[in-house]
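Every chain is named by a letter (A, B, C and D) in the order it is written, and numbering of its residues begins at 1.
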Amino acid sequence: MSAERGFSQTEVMTVAAARLLRNGAVCFVGIGLPSTAANLARLTHAPEVVLIYESGPIGARPSVLPLSIGDGELSTSADSVVSTPEIFRYWLQGGRIDVGFLGAAQIDRFANINTTTIGPYAKPKVRLPGAGGAPEIAGMAGEVFIVLKQTPRAFVKRLEFITSVGFLGGGDARLRAGLPGKGPTAVITDLGILTPDPVTKELTLTSVHPGVSVDQVRATTSWELKVSDALQTTRAPEASELAALRDLLRRTAEKHGRSEAADA
Amino acid sequence: MSAERGFSQTEVMTVAAARLLRNGAVCFVGIGLPSTAANLARLTHAPEVVLIYESGPIGARPSVLPLSIGDGELSTSADSVVSTPEIFRYWLQGGRIDVGFLGAAQIDRFANINTTTIGPYAKPKVRLPGAGGAPEIAGMAGEVFIVLKQTPRAFVKRLEFITSVGFLGGGDARLRAGLPGKGPTAVITDLGILTPDPVTKELTLTSVHPGVSVDQVRATTSWELKVSDALQTTRAPEASELAALRDLLRRTAEKHGRSEAADA
Amino acid sequence: MARIASLREAVGELIRDGDVVALEGFTHLIPHAAGHELIRQGRKDLTLVRMTPDLIYDQLIGMGCARKLIFSWAGNPGVGSLHRFRDAVEHQWPRPLEIEEHSHADMANAYVAGASNLPFAILRGYVGSDLPQHNDRIRFIRCPFTGEELAAVPALRPDVAIVHAQKADRQGNVLLWGILGVQKEAVLAARRAIVTVEEIVDDLRPWPNACVLPRWVISAVCHVPGGAHPSYAQGYTERDNRFYGEWDGISRSRETFTAWMKRHVLDTANFEQFKRVFAASTGREAA
Amino acid sequence: MARIASLREAVGELIRDGDVVALEGFTHLIPHAAGHELIRQGRKDLTLVRMTPDLIYDQLIGMGCARKLIFSWAGNPGVGSLHRFRDAVEHQWPRPLEIEEHSHADMANAYVAGASNLPFAILRGYVGSDLPQHNDRIRFIRCPFTGEELAAVPALRPDVAIVHAQKADRQGNVLLWGILGVQKEAVLAARRAIVTVEEIVDDLRPWPNACVLPRWVISAVCHVPGGAHPSYAQGYTERDNRFYGEWDGISRSRETFTAWMKRHVLDTANFEQFKRVFAASTGREAA
């Protein structure tokens, strides 16, 4: 945490991601950073956001962050708990999701993501967990927010494996592939926010977090990063946002009995 | 009702049909005669029979006969009530039904049935209710029992419309069509029981009910009816079977407030 | 997001002449009151969709509201024929009725495909049946793995689905239970959805894995106690089996049918008035 | 028809070397005790199927029970990698592990197809993803009505499904609730099914439309209280989140893994003994 600013880079990332979620949106949430940001939104400006987890809960309102996608409180706090096939068939594929909130191990300049392998698929250097729900979330949600920390190993020039699709080769490639929805409209990192160029769909740095330099973002991106002419500085987290986030993380740690419970 | 025998033709039909259902069988039940026979079986020799109705109940144990396929007691007495799509997908198509119990408006010598139209489809003389669940019950159940009253208009030489399949053109035609299960193994009427010839699959009179002559059955069948060399006489309903049936119908009439509630 | 509205408003605003409308409910929870309101408001040229057209579709067809019927079993359960449906099909009265006919398994799967935003469903069905010869929306495809042939049917995507349920809360979340039929699938397959309910409560208090339709998939919730009559709502009303029998007589002739519809539906302003007239004409309560 | 049996008997009689076995449970109700019993009985050459292989599959893979894994997400939820899974894929230890990899939506649909006795499922999926290039069981077909292209995947039909549930009655009917995952579909898709339960009661007393698996689709019901540990059974036990964290350390090296498995699984006769050893080694209860 930066002493003079009073918040960490992870905190500003989480708050920035949470702010993007409009009140009333129906949001398909992955565990980890996406779940932290989505629940922070729900506890601050977006009390009517509808959180859907792939394990079955629709309209979950957990009092603490789930450590897993199937934690009991997701179920007991939800409007409805349906089977996992129903979640994927009637709700995600059904076209009822406004926002898919994803994490990623690696991302390229067109917001395609890899969560499968580092190195060749048949002989991986690092075997990652795999697809999970991401390919169809990325394909079917109205729009997609991606949250991950910005490092050269994560923001790569060329993905060795595309697990889930962003804008493919850019331009109208996604549209031509027949995918509904807008695709990834924001990538929120610990350093700033990247959004796709309206025409080329290449990720462009449109906001840097307070105290972060453009050079810092460039240095942690393996491709030659485009920077917006209208680059903004992310509004610093409000005291109320920080208080809500910290309170959520404190309650979560107490409940789960370990401090690393929440990875935000 | 025949005074000297002490039971009606409808009663002996219902009892004969009920007896065919073995204890523990999983039975997909249509409303009307099939439901009466299946519930009589459950209340007499087959307490462990599992009755499934297309509206959703699995393991229904109604105290009175349902007037409709969706009566409330089917639901409250069942082991489980699932959605109608689940009934047709996981349970019927899933191959979990031992016996499909059907009624019919018309039947031919290969036990194909018509419940769609009398007269041409586009200009029907009589418009019947249509297929309902029957085409897939007839196709997917392990075996099929068909219950209907024997009249020349019902037992026809050639169906103008095949709604649900028996043995198609006979012989191995059903097998060649790729249908699982044995098809209709018994047609139970108010006069006797017809079963398919093992080779030709043509319906053959194998049992006449007490007091019924073969000529009577022939006269109510529009094709030249085959009669088994080993023709039997249906065992007369036991006092206990008749008592259970009449008690069921009396309770049903009281519950539904009208005597025509049960059509058996 | 669901808004709480009168049935008159909901039908007036959400259903247009020519719409494809599915009123579902498998014997249980049939939205009869909503059907009456369609008749009162004189909706025309509707394509009506329903697995088991029963009395309410007989009424809509007999009153000339429908251009086409998509169905799988059209009868008066446990009683016999639907006379108005038959008169329309056999004698084109009061107007010709186009029919598109399926099996239950097909329609149930077609609703699932609609709810799942798939263009079609596959099923093991129709082998040896003559139905596919009369309905070109039943086709056959091969499994890309085993080569097996399976029936394929297009998804059902009605403009409007109407269902009846036991409870809603004040936000418009809906809880139903008992025989669920295809109601959830019909609501999710449709562009707009109207739900009539027995009761509106502060808190639904659903049990685990209860069938809840969230407020944001419903267009309007209408408080219409007894609105399933002569069908029923488990825990609230009993099925009026006698009326199903009586309908056979009422609907047998065009004259008695027309007179009954005028007195009970056209000349009543809403379902509350219908219930009063029904009680007066039968000597018993409609729900 | 389900019979009530010990877990040792059920695994001994119903699962053979080389079987395709699905242990399902989406974070909730994971049948860990049954997985331990497979290891104790030394089952080999299994094809393991599971949407989210977690600790129990890490253990089965690390102990050399599996020849192949069919999955969609293999990680320690909220913690990180499955080290034994990675060691098998990256270094073929203790034996090579063939993998067949899908997405969640695909596997969920494939279980539905299996439960529905269909040879394949269709879904809107995989567009732009590299997965189909590495898995020829993901294909594409055209809608016979609209011409749209859709993904097609073969049905999952395991030899055996194993799930954990809250309750059974003495006839073997099973009730589960909360996060249901794909358990019902897995049981119905499989040829044989084993259900471990928290409790066996005289009367299930299910609420309306509860998720009940009838006795006649289950091969054996085994009374194994806490048998989901470190997963949980809603209403009975809490998820042991600490153990998920600790597993990261235990499983990181082959040596600590092997020692842990020997002490906790190979050297214990059943789940009751496992619970005692676990309590001794951690100072807390396993469920």
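Everything that follows uses one rule, which is that a contact is a pair of C-beta atoms (placed from the backbone, for glycine too) under 8 Å apart; a residue touches a chain by one contact, two chains touch by 3 or more.
Since the structure is predicted, the reported quantities are computational estimates derived from the model, not experimental observations.
Trainee: Applying the touch definition from the top, give me the chains sitting in contact with each of chain A and chain D.
Mentor: C
Trainee: Can you check which chain pair, B-C or B-D, has more C-beta pairs in contact?
Mentor: Pair with the higher count of C-beta contacts: B-C.
Trainee: With chain centres defined as C-alpha means, what is the inter-centre distance between chain B and chain C in Å?
Mentor: 28
Trainee: Averaging over Cα atoms per chain, report the distance between chain C and chain D in Å.
Mentor: 41
Trainee: As a quick test, compute the distance in whole Å between the mean CA positions of chain A and chain B.
Mentor: Going by mean C-alpha positions, chain A sits 58 Å from chain B.
Trainee: Name the residues of chain B that each touch 2 or more other chains.
Mentor: 75, 81-82, 89, 93
Trainee: Pull out every residue in chain D that's touching 2 or more other chains.
Mentor: Within chain D, the residues that touch at least two other chains are 112, 117-118, 123-124, 148, 178, 180, 184-185, 208-211, 234.
Trainee: Among all the chains shown, which pairs meet the touch rule set out at the top?
Mentor: Taking the chains two at a time, the touching pairs are A-C, A-D, B-C, B-D, C-D.
Trainee: Could you please specify the touching residues of chain B with respect to chain C in the complex?
Mentor: Residue positions touching the partner: 31-32, 54-57, 67-72, 74-76, 81-85, 87-89, 92-93, 112, 116, 121-122, 124-127, 129-136, 139-140, 161-165, 168, 174, 177-179, 256-258, 260-261, 263.
Trainee: In their shared complex, at which residues does chain D touch chain C?
Mentor: Those in contact with chain C are residues 117-120, 122-124, 137, 139, 141, 143-146, 148, 150, 152, 154, 177-178, 180, 207-211, 234.
Trainee: Which residues of chain D touch chain B in their complex?
Mentor: 1, 112, 115-118, 173, 184-185, 188, 206, 208-212, 214, 216-217
Trainee: Please name which positions on chain C make contact with chain B in the complex.
Mentor: So the residues of chain C touching chain B come out as 26-28, 51-52, 71-75, 77-78, 81-82, 85-86, 89-90, 101-105, 108-109, 111-112, 123-131, 134, 148-149, 178-182, 184-185, 232, 234, 238-239, 241-242, 244-245.
Trainee: Quick check: in the complex, which residue numbers of chain B touch chain D?
Mentor: Interface residues on chain B, with respect to chain D: 24, 26, 50, 58-59, 75, 79-82, 89-90, 93-96.
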